[in-house]
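Please read the structure below before turning to the comments.
Chain naming follows the written order as A, B, C and D, and within any one chain the residues start at number 1.
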Amino acid sequence: MDYVYGPGRNHLFVPGPVNIPEQVIRAMNRNNEDYRSPAVPALTKTLLEDVKKIFKTTSGTPFIIPTTGTGAWESALTNTLSPGDRIVSFLIGQFSLLWIDQQQRLNFNVDVIESDWGQGANLEVLASKLAADTSHSIKAICIVHNETATGVTNNLAAVRKLLDHYQHPALFLVDGVSSICALDFRMDEWGIDVALTGSQKALSMPTGMGFVCASPKALEASQTAKSVRVFFDWKDYLKFYKMGTYWPYTPSIQLLYGLRAALDLIFEEGLDNVIARHSRLAKATRLAVEAWGLKNCTQKEEWYSDTVTAVLVPPYIDSSEIVRRGWKRYNLSLGLGLNKVAGKVFRIGHLGNLNELQLLGCLAGVEMVLKDVGYPVKLGSGVAAACAYLQNTIPMIPSRI
Amino acid sequence: MDYVYGPGRNHLFVPGPVNIPEQVIRAMNRNNEDYRSPAVPALTKTLLEDVKKIFKTTSGTPFIIPTTGTGAWESALTNTLSPGDRIVSFLIGQFSLLWIDQQQRLNFNVDVIESDWGQGANLEVLASKLAADTSHSIKAICIVHNETATGVTNNLAAVRKLLDHYQHPALFLVDGVSSICALDFRMDEWGIDVALTGSQKALSMPTGMGFVCASPKALEASQTAKSVRVFFDWKDYLKFYKMGTYWPYTPSIQLLYGLRAALDLIFEEGLDNVIARHSRLAKATRLAVEAWGLKNCTQKEEWYSDTVTAVLVPPYIDSSEIVRRGWKRYNLSLGLGLNKVAGKVFRIGHLGNLNELQLLGCLAGVEMVLKDVGYPVKLGSGVAAACAYLQNTIPMIPSRI
Amino acid sequence: MDYVYGPGRNHLFVPGPVNIPEQVIRAMNRNNEDYRSPAVPALTKTLLEDVKKIFKTTSGTPFIIPTTGTGAWESALTNTLSPGDRIVSFLIGQFSLLWIDQQQRLNFNVDVIESDWGQGANLEVLASKLAADTSHSIKAICIVHNETATGVTNNLAAVRKLLDHYQHPALFLVDGVSSICALDFRMDEWGIDVALTGSQKALSMPTGMGFVCASPKALEASQTAKSVRVFFDWKDYLKFYKMGTYWPYTPSIQLLYGLRAALDLIFEEGLDNVIARHSRLAKATRLAVEAWGLKNCTQKEEWYSDTVTAVLVPPYIDSSEIVRRGWKRYNLSLGLGLNKVAGKVFRIGHLGNLNELQLLGCLAGVEMVLKDVGYPVKLGSGVAAACAYLQNTIPMIPSRI
Amino acid sequence: MDYVYGPGRNHLFVPGPVNIPEQVIRAMNRNNEDYRSPAVPALTKTLLEDVKKIFKTTSGTPFIIPTTGTGAWESALTNTLSPGDRIVSFLIGQFSLLWIDQQQRLNFNVDVIESDWGQGANLEVLASKLAADTSHSIKAICIVHNETATGVTNNLAAVRKLLDHYQHPALFLVDGVSSICALDFRMDEWGIDVALTGSQKALSMPTGMGFVCASPKALEASQTAKSVRVFFDWKDYLKFYKMGTYWPYTPSIQLLYGLRAALDLIFEEGLDNVIARHSRLAKATRLAVEAWGLKNCTQKEEWYSDTVTAVLVPPYIDSSEIVRRGWKRYNLSLGLGLNKVAGKVFRIGHLGNLNELQLLGCLAGVEMVLKDVGYPVKLGSGVAAACAYLQNTIPMIPSRI
């Protein structure tokens, strides 16, 4: 039942699915239950309340949907928009590309603002489009907060500023899949109308839950949106919320308890501390990359992602070989380069329930892999750079002081 | 973290989600993995092959979708049909009703054949419709194999016979949610074009996987079907099947290994033995109901379901009170009566990884609950009737002989 | 990895090891930890405090030893007695026999008071021995509170009364293996000097922890007791208690957390409610036995055990065949008859984390087995008798009212 | 229920208990079973056969005892020796000291050969004692194969050579607690009479099983050995082996299945590969220590342990502070210095189911801790040295080639 066994732990550094803490695995280790008994709604109520906290919203309405990030995208779009609606969408990497592909297949009129892979969303073009759109033909702005393929984090506050500046009523739809619970994310403050994420990312759970949170404006839009939808329709959820039974169809009992445990851990650490930890691990990773003499795929510091680092390799190396070799020799799982950057970058995911020594083991592994594939890395150099930073910045574990 | 604790096991007899065997819980007790490593496709390949066996198909193409039964419905419909298509659908209970609701919301032209709740699909009406439809305006027949709300099993072979008799080319779409892996189900032999089920039913897993299996004819239809779809689009799966990586988006690693374990158990017992066990447990349940002097909601023997029994209570009793009391006093989870039969029936789910003594514990519990709510049951009567039958029919456990 | 698989749950009704609640299994589902970190002593401290509660002692000192009941026996004896010491010990069944065997092999001078198997300790003989022992040559009275082999519960309060009556200073050593946490047990009130149990009995955990609790008098005796001991020596524990690190050698991290969960469940239900539940299940079992026309191996009601019922079968039936057949056909695990009562009794263990419907499933199974082996049982009769009693006495589950 | 939570994994590098592989945790995640059913003996039979392989014996008889290493010691001694017997025992560190303490408390006449802590057993003294002992008053030689406190591995083959040279019939008793399954160990070839280990060491399981393996000569000795013993008496095991039921008292069902999984993993990797992996990890650790400018507590290369490295710190540093800080700041668990070397050494355990990147994470952590406590380590230096060696020596994972 275990495919391709290797001794010791697998070092999981893909940008999702990520490491699940033992506490969450434990919480999920259970039989099914009747989801119509009083126990499940009682549990669900606490989950919905607490999920709002990770979105930093008080006015939003969360939906926990038995689906993946792709389904969460579909839920965000089809509940708020009608076929033919004009939407502005930023293409900056593979995941924004896939979302745009979905937008097009769902028959929206997608106005794509493309950037080079490695750059963030081009907000100047957005500004000009908003300025020009006096008739408010743009119904929504769709943006991926953190492009997992290139390690680029977009500036959501700046998008909001532009919308406000032009007093543009477009809905603001944000993919927070590899950001929420790891990066600074403020749904209410930034006036986001729909934000979404998935359980297997910074929440550090198995795949299977899509989290979609809707602002009052988005909820209102959902009443007139004409996109055909059933499974992803918020209406069914709202009906069951009203009844207090919460679930229009069978939820995963195991994931509900897993979510409870995951949220408890995040709140125990403190969401701000969680975000600071991600920032620390990311900075250490970038220092290691620099020490190796390699370049970050992300072209400017303002876009550096604190959840994933895409590393450019020299042209004489196939980055896929790095990933393959990491897995085959070191039980290390790194992210492949995707699409336009296939073969050119490998990715280190540093999100979720992770600590510094785990990351340092990974960085040491990357160094050996680099040497294996013929890159003249100085062994230990990246780890040394990372340690120099981390040793100065890691806080004591509060519960152990 | 455990809501409303009671000593001892919960006796889970809702018709889904059902009891998960320890072997499956164990197999799922694991960290995430990179689903793009060679391990996951290797595992997936075995799963797809073996899933075909539970559908009894060799020519079908299975899709394992991270969704629930509701999503599996949507996948079956949107991949094979276009808005406005005429479909014939049978309304015989709450789940067929919900599917019809979905069909209508997806903008199909639904020709509903309604039966009393407690009766099976009216095939005479189907026959007349097929006879009249010389222009082949009917694009699909949609039928729920086993209506979970009323405990009615429809005769799929008879539907196929009618289609053949009238040489009608309509697609034959079957909800096998509470039937596949429990009732006799023969996708190829019965010429079913799309069959579907969910992981939390007779497969005895957590919720989270929708299984949809498409015949070659259904696959062909999917190439021209105009229903808008992205998350549920088979095309994306087929693309990744061809590449050998299998997953267009992140699957649940835990459910993949859980499915492997669940299938292993089913094949170890033997699918035919699994079906025979369900038949035996169902017959025992019906004998108990009879001994209690109560009526089966299912009106004729030909429709008796071997996965769930809906029991009619006398008018002076509220069946919801039976369910409530079972849970509150005996740690027994029974199924509520839904919609038209709310308050009138309670349901005993006897599907999945279950054995005779578990059922007998449940039946004893039901007897006490009946007495609690004022029904003059003779305590022990149902158990006695069930035992008399079971003691004559239970085979020895093969591995223990 | 699973030997002799059968569908559905195993119905575990041996008098130990018993069913483990999911909460305890979950708590144990974890990696090892450094037992010298501050976390483990912090946990241990709570455990030692709470273990005292299940012994109903405030003055006792508990030892949690990585061993079984047999080891706990050895710990109790060797820490308090010296070779050659005269001890009075009651032989009433297989487990008291094994303890006596141990006592003899440890070179004590064992004065055995034997009863027929099925009878309790003969306290009249004890009284005469105490009366005669004016020189106080008897150093200890050893008694098994609940003889698991015959389902006999001895009257500990009466033993204490005799000791007090004769003002006899003998140590009072009690095997509470199949009693503590299930039967009324009062270490302080009954002046017990050493009491012991094992984790796999009413605590509903895996095997692996022996619990030994010593009164101040027993602790004092340990300072002069000359029996050779190292692994079982309390002195090493006391040394580490003083240091606050608690463990002279490596404990099982998993069992420590499992014990925490097990105690939490017991206190959540309430120890008195736990005991009442055992009494209820036992009474129901005895009513079933009576309804089957069979006899309890326990000869008088005063000795009836609330944790295990030993059922006598007619001479023409081999009780081992009942156990074998239960397992082979019904996935039911019953206890064998041991030694003198081998072939003559089978045993139903009804202790630990168990509820009424679980027991009723077992009783229905026993009825079918009895019929299988040729005993003319009226099917349903035992269940009916048990239900009639239980339906009148089961309380509502407090957390669900 | 989780004490002192910190984000990410705990990095467990104490020399026991060690990291448990997920496969073993999974295998143990189960309910109790009747250990008298046919399933448990069937499982046990495979375990006993396979345990012999890790001892490298075909003629030995293994005992799996529900105890710890301390109990295994007691079993080895009491079954083969009589009070007053002269035994030669080597004192080279804390664990040999504890064993000697036990030997003395068990009333043997212990002839201690002491070495400085950091040195191996003084075999010259042994040689002279054997030479002098023409009357064969020495009944046993007791030696700890790997002294966990100082990271010293003794040369067992050399001991055997001496015994053979002097044709001395003394029993050869070996503590293999931190060696078996990790270091080269050959019971039969080296003529070892009793070898022992514990589950929580290189077998990578929870604590709770003591493994004792007896040569035919040891078994014969057990028939006349006069040491008082019951719980640890091999006789009871042998009796149940003969009956085919194997267990004189209740084993832990969970540990039995865990052992099955642990052995399966070891054989899948190959015992020789497991040993080579330990050698590789140890060498890498020592290179790091050297790069840090620190000294190994082990004084000569011939004694270097491949399972634990004890690192001497400069006199101005308290090694306990290193351990404390590792845990409080980096979630890193290192071994304390014990007794004579308390405050002077910290220990890195590198045994069990562990791989290179895990170790490198630990080494990076140690570097930061060293800096924290004021030692002028060059960050990255140890990791660089380890990587340089490992990158040249790590084999591909066979199942992934």
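Throughout what follows, a residue touches a chain if its C-beta (ideal position, glycine included) is under 8 Å from a C-beta of that chain, and two chains touch if they have at least 3 such contacts.
Keep in mind the model is a prediction, meaning the values are calculated, not measured.
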More contacts between chains, A-B or B-D: A-B
Maximum centroid distance from subunit A, chain identifier (CA atoms): C
Rounded Å distance between subunit B and subunit D, as computed from the means of their C-alpha atoms: 53
Centre-to-centre distance between subunit C and subunit B (centres being mean Cα positions), rounded to whole Å: 44
Rounded Å distance, subunit A centre to subunit B centre (Cα mean): 34
Residue numbers of subunit A (touch at least two other chains): 3-4, 19, 25, 27, 29-31, 38, 327, 400
In the complex, subunit C residues that touch subunit B: 2-9, 11, 19, 21, 23, 29, 265, 268-269, 274, 277, 327-332, 353-362, 364-365, 367-368, 371-372, 378-381, 383-388, 390-391, 394-397, 399-401
Sites on subunit B touched by subunit A in the complex: 1, 3-4, 10, 12, 14, 16-20, 25, 27-40, 42-43, 66-71, 73-74, 83, 101-102, 105-107, 198, 200, 206-208, 227-233, 248-255, 257, 260-261, 264, 327, 333, 336
Contact set on subunit D toward subunit B in their complex: 22, 25-27, 29-31, 38, 400
